[in-house]
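Right, I'll just put the structure down here and ask away after.
Chain lettering (A, B, C, D, E and F) follows the sequence in which the chains are written, and residue indices restart at 1 in each chain.
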C-alpha cells in the first residue's frame, strides 16, 4: 500500500491523488483482488490511510470473515468479471493479491480493462513472479520499479519486503530460528523429529531429493 | 434512516435493497445533503446499518469536524452542483438535511436530477415543512407517508419524531422542564430572571407581543 | 432489526420507542435469543442503531467469541430460564434467533413471560417457520406481517429476506452460481466431481432419491 | 475507577463483583453522577474495564457531546430524582463527580437511596472535601480509606491522585512550570505580564490580599 | 490487571504510577508474557485502562491473531531472551501468563533481570501455583498478597478469581452446570453419554482411576 | 507520513524499517513535534499504518483534546527538552509540525540530538520554509528531496501537497471558490460585503496596500 500511495504521486508518474483525501475531496479508491492474508493486510493499511477500499474475493466464507473484521469500512464484492470490471475501471489503485499455491494466478484484469482505467492510475501485484492476475504487468526491480503502459503506472517488483530489510529480516528470523535451533541441537536427527523440517530437505546422500527442485533440474536428479 | 431503510423494501415500493448489504453484495448508498446535527445523526445510523454514506456540505470547517468524527467511514464532499449530481444519480437513498433557520432551504435536487435516479430509490427530507431541498418532494402524513414520482419513492412526513412518541416526549420534557420549574416557582418573575424564557412570551397584557406570531396574525396584533 | 425498529413505532402498533434513544433518554433494549450467525448480525445492527443489547446463548465458547467481537458494547448472558425471564420482561424488542438444524427450536419465551412484557413491545423470530422459540408467535405474511397478543406486537414473517429482493437475489446467486457453472460445463458428471452438488440431487432415473424429500412424499418414492 | 473496582472485591469488603464480568456473567454496573471532565474520564476507564456504565447529567449539550464521544457504549440519562433513584438502586458502584465551583455539591443520593443499594456495593465521590453529592459519605484517608454504612462500602479519600505520586507530580509540574519559569525570569513583574498568575497572589506588602483566603483568615487580613 | 494497577500505587508499595497516565505524562508500561487467553484478557483491560502494552509470545500464528484483535494498540514481540530483557527492564508491570498444561512454566524472567527493573515495579504471575515464569516469585495469599524483593513488588496469589466470588461463582456454574444436569438426569450412564464427563472420573469401583491423580497418590492407586 | 514511510525504505537511504511492523517485530517509532492540525493528521495516518506514535506539545488543553481523539493509541508528552531528547534519540521518524504564525519555529531538535539518532532514521519538517524546528534541516525540492547528514535522512521539501496536485487543487478550489464567486457576482463591492476578502487586497488604486507585502517590497510601497 505504501508503494501504491507513492506511485500515485505526480512526480512518480501517478495521477497526483492522495489516497486519504482531505475533507471535501474524495479519497482515492483502491481495489484489492483477493482477500487472503496479503489482501487483508493491504486493506488494513489502505483503511488506515483513509482510502475507499473494495476487496474482491470468490470465497463467501472469507468475505463473511472480512465483514467481521472490517465492518462497513470496506466494501466486499463477490468475484465476477462484471464486478471486477466495474470496480477496476473506476479506481485509482489496483492491488493484485491472488495467490494460488503452485499455480499461475488467473488473469482477472485483462488488457482491455487496463485500457479503461484513468490515466495515472497504478497497478501493483504481489504475485507478479508467479504471473500475477493483471495481463499487462511484468516483473521489474527495486532500481527501476515502474513502467507506464496504456497510461497506467505498473509496479512489478517481486521482492517487496526487500525494501524494508531491517523489519523483513527479523520477521524471517522469527520464522526460521526454531528450525535452526533444532538442527544445531540434534543435527540430522532433527529431520526425524520434525516432519515440517524434513519436507525442506534438498540433498540427501549426494542425491537431489526434493520433488519440486528435481523437476527444475532434471539433470542433477539422477 | 429507519424510514429510509424501510421504504427501500420491495413491499414498501422501494428497490428491494438492504442498506447494509451482505458480504459479497454491495451495501446501499446513502447521500446526506447537509452535515449539521440532523445530517450527522442520520450518518451515524447509516454507518451503523452498514451503508455506504456520503455527506455533502458547504462548510469546510464542518467537513473537517465530520472527518474527525467519522474518519474514513463516511465520504465527505464539498457541495457543488456537479458533486451533488454525481452523488445523487448513483444512490439508493437521498436524505435532505439542510436547515437554514427562518429561510426556505435552497433546491439542491432539481426535478431533472430526480429523473436520473434509479427506479425504486427513496428521497426523504427532514425540512419538508420549510420547503426542503428536493424540488419534487411535498409534505405527506404518517397515515399515508409516501408517494411515487418519476419512479422514486418520496417520503414527506414533517413530524418524524411523532412516530416514536415515548422517546420524543421524554426528550422534549428534558428540554422544557427547566422552564416549567422556573415558572412554577417564580411566576411571571421568571421572565425577568431568564431572558431565554422571556423570548418565548406570546401574549402580554392581552396584547400579542411575539414578533413572528404577530406577523402571521396581523389582525390579532392590534 | 429493521423490522424490530419499525414495529416499535407508534403508528405500527408499538410503544413509540426509538431504539437508539437520544442523549438523555434511555435507548430501547433488545434481547437476542441465540448468538449464532443470525443473532450476531442482528446484534451488530442493533449496536449500530444505538440500542442496549443483550445476547443469550448456551455455548460458552460462542459467548467468548462474541465478547471478542463486541467487547463491552453487548451484554452476554448464559442461557437459563431465570436469565431469560429477567432480560425479556424488561425489554422493548425480543429477537428469536435459535436455530437447531432439523429440529423444532425449544420454547424459551413461554406465554407467561410474554404476559410480563410491556405493552407495545415487539417480538420477532427468524425461525418461526420451524416453530420458533416464542410460544405465542405464529407465522404471518409480508402483506399482513403483525398481530397483537397480550399487548405485544408479534411479527412472524418467515421469509424476511423477501423484503429486499435485489440484495437477497444477488446473495443467493453468489452462493448458487458455482454449482450452475459446473452443471453447465460438465452436465451430470458434475455430480461425481462435486459431492456437495450430489447431495442436492432430487430425482435420478425417474426415481425420487433425496431422503428428506422422500419422507415428505412417500407415495412418489416408489 | 481503579479504587471502585478494588473495593468491589470481597477481601476489600465489596460484593465480589468483577466490573468487566466474563462472557456469560453480567458485568458490574457503574453509575456516574456528573458528566464533566472527571466523570468522563471515569467513564472511559469503566468502559475500558468492560463495565456497564450510565452517566447522569443535567446539561443537554454535555449529554450530546458525551453521545458523540461514547456512542452506544455508555447510557446517558437526563438528571432527575426518579432517574437517579432507578439507576443507583440497581448498581454496583456509584461515582459522585459533581463539581460546582465554590459551592457545596447538591445531595443527589440521599440516605434513603443508599438504603436501597445492594449490600457490598461501593460509593466514591471525587468532591467529598466539598461535601460531595452523597449524603452518607464522609472524608476518609489513604491509610483507612473506607467504612461500611447501611451495608455499602464508602470511599471518601479527598486526595485520590496522592495514590500515584509519580504520575500526579509530573502532571502538576506540567501545569505549574510555565508560571515558575515566568517568576524566575521576571520576578514580581511576571504578575503584571500574566493576569492568570496575578490572580494567585496571596500576600502583597505584608498584607493578605487574596479574597478567598481573607475570608478564611479574617484576623490576618487587617 | 486490576491487581497490577493497585500495587503500582504508592500506599501499596509501588512506584506511584497511574497505568493510564494523563495527557502529557507517559502511561505505565505493561509487559505480558504469553499471549494465550489469560494474557489476551489482561491486555484488553490494560489497553482499556490506557497503558502501553507489550505481549511476548513464541507462536507466530497467535501473534498474527493478536494483531487482528488489537491492531496497533498493543506491541507484539516474538519471544527471545533479548526481547524479554529489553521489554521487562523498562516496564512498570510484568504479567506472567505462560501456561504449559501439565508442565512447569519455563523461567522467562530470571533473578538477574528482576534486578534491572525499576524500584517499585510490580510482578504478577497467574500460574504461580505451577511455578510461574518469574524466578523470584513465590505463592502468597489474599490476606498477605505481596512482598518486596530486589525493590520490586511481587504478587503471588494463586486463586485470583477468589477476589470476586460473585462473578467467579457464576462463571464456574455456567461451565459445570451442564455436567451436573446430566448426572442428575442419567446417573452413571451420563459418563457413557458424554466422554468429556467420563474424563473427569476419579474413583471407580473403589479404585482410583484418574491417571494424573494416581501419579500424585501412588499409594491409593493399588 | 507517506514520505516518512518511504524514506525509511533501504533503497531510499533509510534504515529499512516498515512503519507498521509485522506481528513479532516492533513497528517503527514516530515522534511528532507539535499536536496542531498538521501533527494530528500525521498522527492519524501513522496510527493507521500501525506505527508507535508519540506527540509532543506544550499546550495541556490540546493534549487533553488529543487524548479524547486517540485514546491510548498515541502517547502524549508534555514538551520539555528532556522529554524531546528521550523520544527523538530512540525513534525512526521525526516529524516537525510546529507552526508559530509569522514567527520562526523554535529549534526543538538541535544538532547534538540528531547525532544521537540511529543511522538511517528520517527527519521531516512541514514548516521547513519558515525555518522548521530541526537545526540540521534545510529546504530541498521534489526533484531531489533528501540529503543525509550525521547518518540521518533529511527531507525538506516545502510544498509537500505539490506531490498530489489532483487532490490538492480540489482542496484549494473548495477554499477559494466562494471568494471567486463573490468577486464574479459583485466586483469590487464584494470587498465591502466580505471583510475576510478585503483582508486579501494587495493593490488598490495603483498602491501596494497589504501590510505584509509592503514590508517585503518597501520600494514598491511608495
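Methods note: a contact is a pair of C-beta atoms (placed from the backbone, for glycine too) under 8 Å apart; a residue touches a chain by one contact, two chains touch by 3 or more.
Here the structure is a predicted model, which is why all the values come from computation and not from measurement.
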Count of contact steps on the shortest path from chain A to chain F: 1
Labels of chains that are neighbours to chain A and to chain E: C, F
Proportion of interface numbers common to chain B and chain C (over half same, under half different): same
Equivalent of A-F within the choices B-C, A-E or C-D, defined by over half of its residue contact pairs recurring: B-C
Pair of chains joined by more contacts [C-beta pairs], B-F or D-E: D-E
Furthest chain, CA centroid comparison against chain D: A
Approximate Å spacing (C-alpha centroids) for the pair chain C, chain E: 39
Chain E and chain F: spacing of chain centres that average the CA atoms, whole Å: 45
For chain F, residues contacting two or more additional chains: 20, 22, 24-25, 44, 47, 50, 60, 71, 78, 170, 174
Chain pairs that touch, as defined at the top of this document: A-B, A-C, A-E, A-F, B-C, B-D, B-F, C-D, C-E, D-E, D-F, E-F
Chain D to chain C touching residues, read off their complex: 20-27, 47, 50-52, 60, 63-64, 66-67, 71-73, 75-78
Chain F-facing residues of chain D, complex: 44, 69, 170, 174-175
List of chain C residues in touch with chain E within their complex: 60, 68, 71, 78
Residue ranges of chain A in contact with chain F within the complex: 2, 5-6, 8-11, 15-18, 20-22, 24-25, 44-45, 47-50, 142-143, 162-168, 170-171, 174
